[in-house]
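There are structures below to look over.
The following pair of complexes shares a single chain, subunit A, combined with subunit B in the former and subunit C in the latter.
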Partner chain A sequence: MQFWQILIDGFAISALYALGATGFTLIFGVSGVLNLSHGALMVAAAVAAWAAASEFGTGSYLGALIGVLTSLVLAFATYFIAVRPIQNSKRIAEREKEIFILTSTLLWGIIIQEVVAYLFTNNAKTVLPIIEGVVVFLGVRTPSNEFFTAIVCWLVIAVLWLLVNRTKAGKAVLAASMNPRGVTLLGFELSHIYLAVWGVYGILAGIAGVLLGMFLGVSSYSVGPLTASAFSIVVLGGLGSVSGSLIAAYVVGYLETLTAYLVSPAYRSIPALLLLVLVMYLRPQGLFGRR
Partner chain B sequence: MTISQQPFGILAGAVAVALGSAMLLPVPAQAADPIRIGVIAEAQSVAGSSIPQAAQLAAEEINAKGGVDGRKVEIITYDNHSSSADSVRAFQRAVNEDKVNAVISSYISEVVLALEPWASRLKTVLITPGAASDVITQNIAKDYDHNKYTFHGYLTSSALAGLVCDAAKDLLVDGLKMKSAVIMSEDAAWTTPLDAAYEKCLPKIGLKVLDHIRFSPDTTDFTPIFNKIEGQKPDVIITGISHVGTQPTVQWKSQQVPIPMLGISSQATNSTFWKDTNGAADGVLFNAVSGPGVAVTPKTLPFVDAFQKKFGNLPSYAGYTSYDEVYYIAEAVHRAGSLNSDKLVAALEKTDYVGTIGRVEFLPKGDPHVHGLRTGKGTITGLMLQWQDGKQVNLWPANVANGKLKFPSFVKTASH
Partner chain C sequence: MMRETFASRPFWFGLIFVALATVLPLGVSGYILGLLTIAYYTAVFAMSWDLLFGFAGEVNFGPTFLIGLGAYTAGILDARFSPGLSLWICVLAGALAAVIGGVLLALPALRVTGPYFGLITLVAVQLLQSFVVVFASLTGGEIGLSVPDVISIDAGVNYYLAFGFMMVSGAILYGLSRSSIGLILQASGQDAVQAGALGFNVAKHKLAAFIVSAFFSGLAGALMVFYMGTASVGTFVDISVGVQIIIAAVLGGRRTVIGAAIGAVFLIGMGEFLRPLGELATLIVSVMALFVILFFPDGFLGMLRGGARA
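Here is the complex of A and B:
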């Protein structure tokens, strides 16, 4: 009974972590940007979906769509306000740009967080789930929404995989992550590729945020922990490696769930962080990193 | 981290002083000094944002009636961003630069505990409208002469636990024949004494405590916690939650946990809680000092009306106490005839004021909870409300109840 419970709960939460980390690692892989406003985008998407559905009565489907659109708009805003001006700047030395972008996206995330708190307070919100009710599966009473979350996460990840590996545009993105200069020589405009990737990232972060809002709920306080969790999953899996992130998401998700059930919910996140430290010592490139 | 400051009514005060001196009224120069009250609170949270608003409302009402002995009441507000460090800086600024005579601050125990030594050092009256930790009053009892400047204007955790047990006895033990409970609380300063008091009073009213779960306040997934509790088959979950609220409530409903929740759930007192949880709050029982439409005293409903008219929303629990605090500080200044802190402390100790949540009296020197509020019949009893169909309905005490217990269909209340 408890075995199935841990298996099911861990699967759902891990799927959500995986989706959240995928966009984060994609952006890093393609454009070398570590976007520290990641958590803020997810929270903004969830709070927008909540506000649309609960405050303005749009219903859960339209609300979820509005949430994802909010994240898409914010992803482009992040790129044009916090990333591109630094990348194009001639007054910042090339080798310092990475740290400048880290700082600017961090600050941008704090701005979004404060705006959300100002407009909607820092109380936690939960997005109206698209599917309500519970199902009994293998003797475990589980909210239908938990299955829905896991299924949507994996569908989105599958679509992303097809997009990257089976379409011309996707292959260009893949190529850009390996050799940006080569891609431009082949006649692709690098800035168009970046724009497309930021768009895809916005949609991924938006879907992850809205699902998180339905599953667990979010508040403006969640911004930091969400960024940190995506960051540690991506580092654990190997920076820039999408499959590494997916596996790392499951390692972290199950480790947390096991701890919460078998040890205490109060120590939930500690073993995963210890594992991260251990990996940093023994294999600094991450479990599946190339570098 | 900046500290925002809005000097309300400084102009009015200045005009009053100018007129007073110009007309050479035969009053001592000091009598026209305004009563300056600093309000340090959490502007971004629902519970905290009502604190400066309610204080401002009280000040305006007092000033409209001519003030206190010719003194106007001025409110100076500071946003502490829910941070103890910001609060300490705001407190220093309030006392040293803005020359306030008293400070009303915060619903977070950690913040008030950080300010308490500063109230002693700077010899300035500090009253909290919403923090609950027993340590605040214990500190005063330990070193009265030094810490006497702090007053606990809201219920201490152990007092809250007592009120929850009183209500649980009538509603659950006598009403529904319940026999067992699991305590579920967040790990924070205010819940340590709360849980200790729960463990003592629940068996006394006939509820056996099967387990006691404390979880980290940043918990987001409550599935393991509810599953564990369900496995122990208690009749009721007794809650002690404030930093969290929305998430456990929503997951309680989405997992259809068949056990009712009763206790302290501070976020449930907010009028927005129904929307925040998308209606998952249905059936949740929570202690409060006030409720919509519940005339705890003749002052309660007029305050709620005035607040709603001025700010467009309902006050949080800390709004009621903050409003009362401005009134009884003003009364204490009148009794003391001075703004001197020591005289003000002596006058505040004699407070006997019927406010919006009941009759306010402070426990005397020698009591382990000195400067805490007196509770029980005739003073402050609290209420036990339940969310029902989008509304907060009061169930207890019977003389001010306006509804009956009602649970959503997934909750089983007969123990079998």
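Here is the complex of A and C:
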């Protein structure tokens, strides 16, 4: 009974983590940016979906769409406000840009978080689920929306995989992650590729955020932990390795669920953090990273 | 060289600041003195962080790991053995605990760099925070730990102690950063391989930077506990406290040590000034910090120096 419950809950949470981390690793792989406003984007999407559906009565479908759009707009804003000015800056030394982008996206995340808190308070919000009701599966009563979450996550990841590996634009993105200069020589405009990637990232983070809001609920306090978990999953799996972060998402998701059920919800994040430290000591490039 | 120092604008600003800060307690209320006391301790946090980041090039997202270790070690020792154990021994023990934490952080820093190390420091803070919450009977948990002793109940005494402490640690950190050690640190931060090829022991210098930074962070954290009378996650460990310290250092100007102190005092003052705005205060401070980073990457001191050059 409990075994199946852990299996099902863990699967859904891990799928969410996987989706969140995929966007994070995509941005890093293509443009070398670690976006520390990631959690803020997810929370903003969830809160927008909640506000639209519960406060303005748009219904859950339109609400979810508004949430994803919010994240898309914010992703572009992140790129134009916190990332591009630093990449183009002549006053910041090249090797310091990474640290400056880390700081500026961190600040940008705080700004989003504060605006959300100011407009909609710090209270936790649960987004209206798209699918209501409960299913009994393998003897476990599970909200239908939990299955919906896992299915949507994997569908989106699959679509992303097809986009990147099977379309011309996707292959250009892949090439840009390997050799940006080579791609420009082939006649692709690098800035267009970056824009497209930030757009895709915004949609991914938005979907992950809205689903998270339905599943666990969010508040502006979730911003830091969400960014931290995406960051740790991506590093655990190996920076830039998408399959690595998918596997790492499941390792972290199940480790957390196991701890929460078998030990105590208070210790939830500790084993995953210890695992991360251990991996960093023994295998700094991550479980599946190439160096 | 000497004449240049005396003629430079920052030097005179510094002198005026020291003079003002010394006579300040005569003219202002105890409330403002208390605020400045906190600001001075925060300044030490920011300067210690600058030594690691600005000079050794280590992206440390977790200054509060070292500060929290110092604060909680001192606080717990005092709460357990209060009358028998002098407050100052507790403070010293706190600094020592932070140094041990600094060495623990330095070990991965010698192996991994950049974002990887940044993540480790982030994890370290989260682990410390979980530890405090889980072992609530020892640490006071989320409510906080109250300590039986305080340094003094007189605002003036506390003020002068914090001010003196900031000046002394600032002088030591600044001197260190301008010495050959600071140069070697800077070199190894920029290119560890080349610095090693030039015959410098990169590992030894980085370890030293961690120890010094941890010592002052821990000492300041421990002293601040005995000023406030309590230790809580929200004031010493939480990531947002660390972010404030980082913002302070970057705002004031990286790689200057003194800029970090200016940034910290500015940030605390600004927070108080904007307090009537409630939740908007953090928002405004963050927007300002982002603005400075985007348009004046060298911070306040950079603006000042730019003005002097023109």
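Assume the second predicted complex is superposed on the first by the 291 of 291 C-alpha atoms of A that agree within 3 Å, B and C clash if a C-alpha of one lies under 4 Å from a C-alpha of the other, contacts with A are read in each partner's own complex, and residues count from 1 in each chain.
Everything that follows uses one rule, which is that contacts are C-beta pairs under 8 Å (C-beta built on N, C-alpha and C of every residue); 3 or more make two chains touch, one makes a residue touch a chain.
Note that this is a predicted model, so its numbers are computed, not measured.
In the superposition on chain A, contact of A:Pro143 is made with subunit B only, not with subunit C. In the superposition on chain A, A:Tyr118 makes contact with both subunit B and subunit C. Of the two partner chains placed by the overlay, only subunit B lies in contact with A:Val134; subunit C stays clear of it. Using the contact criterion defined above for the overlaid structures, shared-chain residue A:Ala196 touches neither subunit B nor subunit C, since it reaches no partner. In the superposed model, A:Ile157 lies in contact with neither subunit B nor subunit C.
Within the superposed three-chain model, A:Leu106 lies in touch with subunit C and out of touch with subunit B [touch as defined at top]. By the document's definition of touching, of the two partners only subunit C reaches A:Ala228; subunit B does not.
Once the two complexes are overlaid on the shared chain, A:Ser54 sits against subunit B while remaining clear of subunit C.
When the two structures are aligned on the shared chain, A:Ala266 is found in touch with subunit B and with subunit C.
On subunit A, the patch touched by subunit B and the patch touched by subunit C overlap at residues 117-118, 266.
Put simply, subunit A touches subunit B in their complex at residues 5, 9, 13, 53-55, 117-118, 121-129, 132, 134, 141-143, 145, 216-217, 219-222, 225, 257, 260-261, 265-266, 268. Against subunit A, in their complex, subunit C makes its touches with residues 53, 59, 107-108, 111-112, 114-116, 118-120, 122-124, 126-127, 130, 133-134, 190, 239-240, 243, 246-247, 250, 279-280, 282-283, 286-287, 289-290, 293-294, 297-298.
Listed in rising order, the residues of subunit A touching subunit C in the complex are 34, 81-82, 85-86, 89, 91-92, 95, 98-100, 102-104, 106-108, 110-111, 114-115, 117-118, 224, 228, 231-232, 235, 239, 266-267, 269-270, 273-274, 276-277, 280-281, 284.
Within the complex formed with subunit A, the residues of subunit B that make contact are 44-46, 49, 82, 187, 213-216, 218-225, 227-228, 244-247, 250-251, 254-256, 267, 270, 272, 275-278, 280.
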